[in-house]
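Each of the next two complexes has chain A plus one other chain: chain B in the first, chain C in the second.
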Partner chain A sequence: MKSKTPNPPKFFLDFFRWFCHPDIREDIEGDLLESFNESVKSKGYKKARLLLVWDVLQLFRPGIIRSFSGTYRLNHYGRFKSFFVLTYRHFIKTPLTALIQLFGMTVGLTIFLLVLLWIFQEVGYDKFNKHADRIYRLEISSEHNNNMVGLTTTIATIIKDNIPEVEKTVRLRHWKADQTVLKLDNEQDPDFFRTGEIVYADNDFFEIFSFDFIKGDPKNALKKKNSAVITESLAKNMYGYRSPIGEQISVGKGVNFTITGVIRDVPNFHVDFKMIRSFKTHQTNDTWWYWAHPTYLLINENHDVTELEQKIAAVLRPHFPEGLKDQFTKFDCHLRPLKDIYFSGGEAQEAGYAQHGDYKKVIAYAFIAFFTLLLACINLINLSNAKFLERAKEVGIKRVSGASRSQIFLQFLGETSLLCFISLVLALAFTFHTLQWFNNLMDSKLLISNLLEPSIVTSILIGLVMVCLVSGGFPALYVLSFRPVKVLKGLNVSKGFTLKKLNLVIQFAVTIFLLIGTITVLQQVNYMKNADPGFAREQQVYFSFNGNHLERLATLKETLQANPNILAVSSTEAIPGTYNLADNKPVTIIFNGTEYKLAGTPADDGFVDALGLKVVAGRFFDKAYKADNLIQRSDELSSEPINIVLNESAVRAIGLEEPIGATGKFPNGGIVQVIGIINDYHMNSLENHIPPTFYTWSRAFAVVVRITPFDIPNTVNFMDKQILKLSEHIHSDIQFIDDVYNKQYQKDENFAELMMYFTLLTFVIAGMGLFGVSTFTVKVRVKEIGIRKSMGASAYQIFTLLTKAFIIIVLIAALLAIPVAWMSMDNWLNNYAYRVDLKWWFFVGAGAVALVIVVLTVALRTVKAAKINPALCLRYE
Partner chain B sequence: MKEASLTEFERIVLLLTEVLGEDAYAFRVAEEFEFRTNRSIAIGTIHATLCRLENKGLVVSEIIRPFTEIEDIRRRVYARLKTRLGWMKTERGGRRKRLYSVTPYGELVLKAS
Partner chain C sequence: MGEFEEIVLLTVAILHGEAYGVSVRKDIETRLGRKVSVGAMQTALRRMEQKGFLKSEFGEATKERGGKRKRYFTITSFGKKALQEAKDTRLQLWNAIPKVVFE
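On to the complex of A and B.
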C-alpha cells in the first residue's frame, strides 16, 4: 500500500541535493516539498511530480549551483587549485623557459625509458622460463677442449637413463643459415619462404623451456619425425591468419614437414630460431661421433650442482668407446645455470649457436642513461631556481600571511613534479616513435608493450619520484631559504660559488666527457675499418663446402678455375670475419723442448693467392711437393715430417732464429717441419690479437674464391650453378668477404652512432639550460649594466663581463672531465688489441667545442644586453 | 549609501516580502506572486532573486528549524532506519525554512521607487 504522503521523484531531488549550494540547500528543498504537497492536492500526483522536475531543472542555475571548490572549507582543495592556477600562469608568463624545461626533461626521460627497456630485456634473458633455476647446460672439458658445449647425442641418453636427479634432457642442433621452404597447400602456385634460423630439438624441449603455445599440443609437438613447430611471426608470414596446424612444407628432395604447433615469438631466449624441428629428423640413432649438440638438463630441486657434476662425469666415463677414451683421459663436466649463459660469452666453445650479451655494455648504457637524466634534472633545477627567484615576493607574502614552510615546500615541489609528469607523458609518446630506430641501432627486439610489465612500471615510477624529488626538491629548498623580510625589500642575488654554478659545472663536465668518448669511439671504429687487414679485401667470395667429399671438391676447383673471371680457389677455414678463436682449438707443438699453443688452420695450395697474402720467407704449399698435402698423403710418406707454414706472430712467439726448416713435434710424437712464413693478417676484427697460427694442407669446410672485378654478378651466378650441380643436398651460401669482414664492426659503429646521438642531446639539454640561466643573469643584472654603461663602459666590456663567468665554468668542467675521460677511454681502448692512441686534440677539441657552444649560447642574450640603452633600463625604480 | 538599482522583478519580490511580513519564505513568495499576477513562476527564480536582494542588503534572512537540534538528530537517525514517524509527514518533510524580512534600507528603497 502506498503511504499517504505521496513521494516526490527521488532522482531529481537527489540531483538537486547534489548540485545545490549547501548553505541554501535545505531551505529550497523545503520549499520544493511544500510546493509539491500543494500541487498534489490541487493538480494531482502525476502533474505534481512533473512540476517538481521542472522546478528542479529551473533551479539548475548560477547562484544556486554550488561552486566546485571552496565549499569544503576543511580541505585544502582551494589551495591546491590555486597551485595549479599559479603553475599555469607562470608557465604562460615565461613560455620559453617552461618549454626548455619541458623539452630537456622529455629528452632525458625518453633516453631513460629506451635504455630501461633495453636493460630489462638484456638482464631478463631466459628468465621467462618457469624452471629457470633448475635448467643447466652440460659442458665437457677435456685435455684439448675447454667447456665444450657441442656434445654427442649419446651423452644425453646415458645421463637420462642413469642419473635419477636429472628429470629431463633436451638436445639441440642449431642451424644459423636459413632455408628456403616450399608451401605445399597449393599445387598450382607453390610459395617459397625463408625460414630464418632453425633448431632441431627433442620432444622434451617444451617441457623444459616454457614457451607459449598458440596452437598445437606442447607434449607431442616434436614427437614424430619430420614435424616442425614455427613461431607466430613465421606462421603469419606463411599462412596469414589461417591455422597452419597440419600444413605440409617441403624443403625439396621429397622431404616434407608437418607443422604441429605455433608458439609465440620469444625475444629473449638465448637461442634464436624461427622454426623447431623434431630431433628425430636430424638424427635417429645415438652416436659418439658428432660433437655438435648443446645439451640441457632439468634437474630435481635441492641438488648440489658440484656433486652432480662429479656424478655425471663418473657415469659417463665407462661409456666412452675405445677410439675416444684416449682423447678423454682427463675429463670434467660442468653444469652452467641457464641464467648465466647469456652473459657468459666466450667462456665456452659454443660454435656460435647462442646469443650473448655484454655486462659491460649494460653498465655503460645504464651510466649514459643515468647521466642524461641527471643532466635533465640539473637543467630543471637551474631553470627553476632562476624562475623561482623572480617569485621571491610571492613567497615572502605567503610566509608573512602565515603559510607554513612545509606548505611552501610542497607548492614548489608540486609545481616541478607536475612538469616532470607532463614530460613523462611526452616521453612515452617519444619512446613509442623512436623505438623502431633504437631497435635497429641496438639490434634488439624491444616492444612498446614491454613498458607495461610490472617490474618496468615500478622502475619508471621510482625513477619519476626520484626525478621529482631531485629536480623539485632543490629549488623548493632554495625557495625556503628566502628570508621573508629581505625578500620583500628586493631581490637578493648571492655571489660566489653557488649551487647554480656547481650544476653548470657538472652539466658541462658530463657533456665534455661524452664528447671525448664519442670522438674516441669514432676514431677507433674508423681506424679498425680502414686499417690494412693484411689481405686483399676486394673481390673475394666464400661459401661453405664439406671438405670430406674429396672428388666433388676437386671437380669444383677445376670447373671454377676454368672460368677466366676466377683467379684463385682455396679450400680453407681461415676466412676473415668468420674465423672464431673459440672454435679453433689451439694445438700444442713442441719446439726446442718448449710447448707452444698455436691455432691450427687448414689451408691448401691456392690459399695465398685467394686471400692475397704475402709469403715472407720460404714457400707456401705446392702441388709439386707431394708431402705437403696431408689429405692425400700416401703411406710411404708417413714417416716424413708434416709440412707446416707459420705466420709471423707464431715465429715471434716461438722465437725461431732460422725458421725455415725448423722442426718441432706434436705431443703424440708426430714431427712437423716449417716450410714457410706468411704475413700476419687480421682474420678477426681488430679487437683481437692475431693468434700465432700454423697452417696445414688438410680438410676444410669452406671455399674461398678470388674473382676479377669484371662482371661480378655473372661470375657469382656461375659459381652458384656449379655448386648446386655437384649434389642435390648442397646448399649454396655465397657471401662476399668484405661484407662479412665489415659486419664485425657493425656493433662498434652502432655504439659510436648511439654515443653521437646521446652527446648531441646532452649538448642540446646543457645548451638550453645555459641559455635559461644566462637569460636570468642578464635580467637580474640589467640595472647594473645600465649604470655601467652610463658610466662609460663599452658594449664589448659589458659582453666580456657577462660571458667571463660562464667561460670559467666551462674551463673548470673541462679540467674535471678530461682526467676521468682519459682514464675511462684508455680503459675502453684496452679492450682492443689494435687501438688508436689517445691524442691531445681529442681533449682540446672537445673542450673547444664546448667553449664555442657556451659562448654562442650566452652571446644570444649578452650581446643584446650589452647594446641596451641605459636610459631605458634605469628609467623605472 | 550606494544607489540600489533594482529590476522590476526584484522590486516586486521585495514588495511581496514586505507584504507577507512574518511568513515570507521563498515558496510563500512564489505562491503570492502567482496569486496576485496570475503568472506561474519557478521557485528557483524567487530564490535567486531573494539571494541577490540579501546580498544588496535589502532583506535579511533567518533560518527557522521545525525541530530542536536533538529532535533533528533523532529524525535523521530514524530516517536512516526508514521509519516513518509523525513529523516526517509535516508540510515540508521536516525541512527548515529561511524566512526573509525587509531591512530598513530595503524599506527606504521601496518607498523611493
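On to the complex of A and C.
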C-alpha cells in the first residue's frame, strides 16, 4: 500500500533545518513541503524529490544561512570571541603598558632563542655523523708526551693491517692558515682565491664521517694525488652556480689540483675546513717521521674500548724503529670517542687543529638566558597584576553573573598567553635580524633554519608553555583572589602588593648580579690584555717549518738575518699564543737528589733577541760555545754536560741558591748544567700559570723573526720569497705574533661584550617593569596624595614618600645579590692563574647604578604626582 | 533595487494579500515564463523586508505544508513609493529616447 503522504528526502530537509536561520525556517520549510507535494502529483515522486534537493541547495546561500555565533546553540564561541574583544580593547586602552609588556617579553624570548640555538649547536657538535658512536681518535702517551694526537703516518697503516676490529682509518693533516690559489678555468684572466683552512685526508674520510656530497663521488673523491673536495660556500665563491667538478686550481710552481667533489658546509664538525685534499698529495710513503697527523678509527660494533687500546699498543710496540724505541719505553694508547672531542679542550696535545667548546660557558649562557626570561616573566606578572586590578569590577560582575572560577582563570591566563605568543612571533623576527650579529660575537655559525629542527621546536614550545603558565598563571590567580562583593562595592583591593615587591626584589637582584659580573669580566679582560707579557709583543712574525727541510734551516736563517729590516731570527716552537707548555708532559730532571718536573722547550741562540726576553743571570745560548748546540754537537763533546737555561719559575721551584753552574741529571744518566736564567714570560693567555721551564738548543719546527717597524710589507714579502725558495711544496704561513697572541683573548672579550648587552637589556626590562609598577602605585594612591597635599605636605615630602619604598627594594636586592655575586665571580676568576682582585667598588658601583636608575625611573611618575593639584584629584567622590 | 527584486516586489503587489513563498514563485514562473530559484527569491524577499519595502505576517498552516505556517508578504507604502520611483525613472528614460531610434 502506498503511503498517503509521500516522504520528502529526509537528509536534505534536515540539512536545511540545520543551516537555515531560525527566524525564517518555519515558513520556508512549509513552502518547500507544499511545492514538493504539488510536484509529486504533477511530476511524480522521483522528480519531486530531485526538485526539493535542488531547492535546498539553492537556499544554501548567505541571507538564508544562520550566523554561527549568538544563537541558542550551546557552544563557547561567543565567550571566546568576547575574550579576544576584551583583550584587544584593554590593549588599546593602555597602549603604553601593553607595549612595555610586549617589548619586555620579546627581548626575553629573543635572548632565549639565540642562546637556545647556540646551546644546541655546541652540544650537537659531531653528532651529525651516522657512525659517531664507533669513531674514535687515537692518542698516544709516552714519557715526554701525554695524549699526543699528532701521529706519524705509519701508525694508521699498521693498525689497519693488523687489527680486524678496526674497520677503517683516516689520517688528517690540518693547515690553520689559508692559502691563495689560482683558478685555471680561464687562461686569459685567471682569478686568485683564498681557500680558508685546508685539511689533507685519506680517501676513507667520507666513509667514516657523514658529509653530504652535492656533487662528485664520495667513494673515490680523495683517491688520486692532487685531488681536492671543496665546501659548497667556497664552490659558490669560486665558480658561482657552475659545477666545479673537474676544474683545475693551481697553488703555484706547477702544482695543480683537480676538484673532485663539493660537500655541503657543516657548521658543527670539530675540524674547520673549506678544502680537503687527498692525503697522497701531502705524503705518499708512510714514515716514522713527522708526528702531526690526527688519526681516527672506525671500529666494529660491540668492542670493549679498553681492550682494544691495549691491543693497539701491543701491536704497535714491535714496529717502532730503533731510533724511536728508547723514546717510547713507556707507551700507552688511548681511544677518545668522537663525541667527547669537542668538550675535551686541553686534555690532549692537538696543536690547535680542533675546535673546542666549553661546558662551563654553555652552563653560564644557559643561566643568563634563563634569568633574562625570568625577568621578562616577572615583568609581565607585575604589569599584568597592576592592569588587572583595574578590571576588578569586570571580574566581580562576571562572578556574580555565574562565571566559574576556572572560566575567569582561563580568560586571564589566555590574555597573557596571547601576549606571550605575539612576543614569540616578534622574537622570531628579532632573532632573524640579530643572528648575524650574534654569530660574529660568539664566533659561531648558527643558521635561522636551525630553528626548524624538531628538538629545537620542542624546546621552544616547552619554553613558551612555561612562560605562559608562569607569567599568565600568577596574575590570573591574583584576579581570582578578588572578592566579588567587595569589588562591586568599590572597595580597594590592593592586596598582592607584597608579591609585586618580591618580584621587584628578584628583578633587581638579578640585574645587580649581572652588572657586577660584567664589571668583573671587563676588568679581568682588560687586565689580561694590558698586562706585560714579559716579551716584546710587536713586530714579531712566525712561520712553521716542514721537518723535511731542517738541514736547510741554517741557510734560511742566515739569508734572513742579512736583511737590514730583520733584527733577529730564532728557530723555536715556543711561539707565544700557539704553543701550550702546560700541554707537554714535563721532563724529569734530578737536582740535588730530588726529582723536578720541568717543561722542555727547544730554542737557539737567537731566541732571547727574537722574542725580546731578558737574561736575568748567566748567559743564553751562544755560537761561541760549541757545547750549547745539541743539533751540531760533535761526538767528542758527548761526555760534556748538556747546557740548559732555566726560567725564573724553574729556579724558584727547584730552590737553587746558586743556579749558574748548578748541575742536575736526567733519570737516564745524562748530565745537565745550568748556564743562565731568563725572565718569566707569558707564552700563553694569563689564564695559565707560567710553568717551570728549561730550554735546550735543539730541533724546532717553527721560526720566530723580529723585524723593524719600517716597511713591514716588504720585509714580509722578502721572507715569503726566501721560504718558498727552499722547496716548492712548502707553505708560507707567516703570521704576526701579536695577532695570534691577542686571539687568545677574543673569546673572553666576546663574553664580556655579550654580558654587557645582556645586562643592558635586563636593566631595560627591569626599568620598564618598575615604570609600570610606579605608574600603578601613583594611580592607586592619588587620593591619598591629594589629601596629604591639602593637609600641607610639600611636593618634596610626597616625592620621598613615594620613592622610599622603591629605594628599600633596591637595597634589599643589592644585599641579596652582592654575596652571591662575590662568591660566583671569585669562583670564575679562579679559572685564571693571573686574575684581578674583587674590589669593593665593583659592588658599590653596581648597587649605585641600580639605585640611580630606580630613582630616575620612579621620578618620571612621582614628580608628576607630587606636583599634582589636590583639587583635581579630590574632585570626584 | 535590482531587476529581480523589482519583479518580486511587483508580484507581491499583484497577488495582493495572497503572496507567500510558493504563490510568488509560481506567479513569476507562469506570468514571465522564467525559472526562479527558491534561494534567490527567498533572499530577495527577506532583504526587501529588511529594507522596509515589505512586511510579513504568519498565516494558516495546512496539512500539505507539514503543519508549517505560511508567511504572507504585503507591500508597504514605502515599497509602493520605491516601485513608483523605479517606474518613473524608466519612463523618463523611455521618453528621452529620440523617435528616430525606433523608426
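A few comments on the model shown:
The definition used in the following text is that the second predicted complex is superposed on the first by the 751 of 877 C-alpha atoms of A that agree within 3 Å, B and C clash if a C-alpha of one lies under 4 Å from a C-alpha of the other, contacts with A are read in each partner's own complex, and residues count from 1 in each chain.
FYI, contacts are C-beta pairs under 8 Å (C-beta built on N, C-alpha and C of every residue); 3 or more make two chains touch, one makes a residue touch a chain.
Since the model is a prediction, treat every value here as computed from it, not as a measurement.
Contacts of A:P564 after superposition: neither chain B nor chain C is touched.
Within the superposed three-chain model, A:G661 lies out of touch with both chain B and chain C [touch as defined at top].
Contacts of A:G44 after superposition: neither chain B nor chain C is touched. Within chain A, the residues touching chain B in one complex and chain C in the other are 24, 26-35, 37-38, 55, 58-61, 63-64. For chain C in complex with chain A, the residues that touch the partner chain are 20-22, 25, 37-40, 42-43, 46-47, 58, 61-62, 64-66, 68-71. Considering their complex, residues 25-27, 30-31, 42-45, 47-48, 51-52, 63, 84, 88-89, 91-93, 95-98 of chain B touch chain A. Listed in rising order, the residues of chain A touching chain B in the complex are 3-5, 24, 26-35, 37-38, 54-55, 58-61, 63-64. Contacts from chain A toward chain C in the complex involve residues 24, 26-35, 37-38, 55, 58-64.
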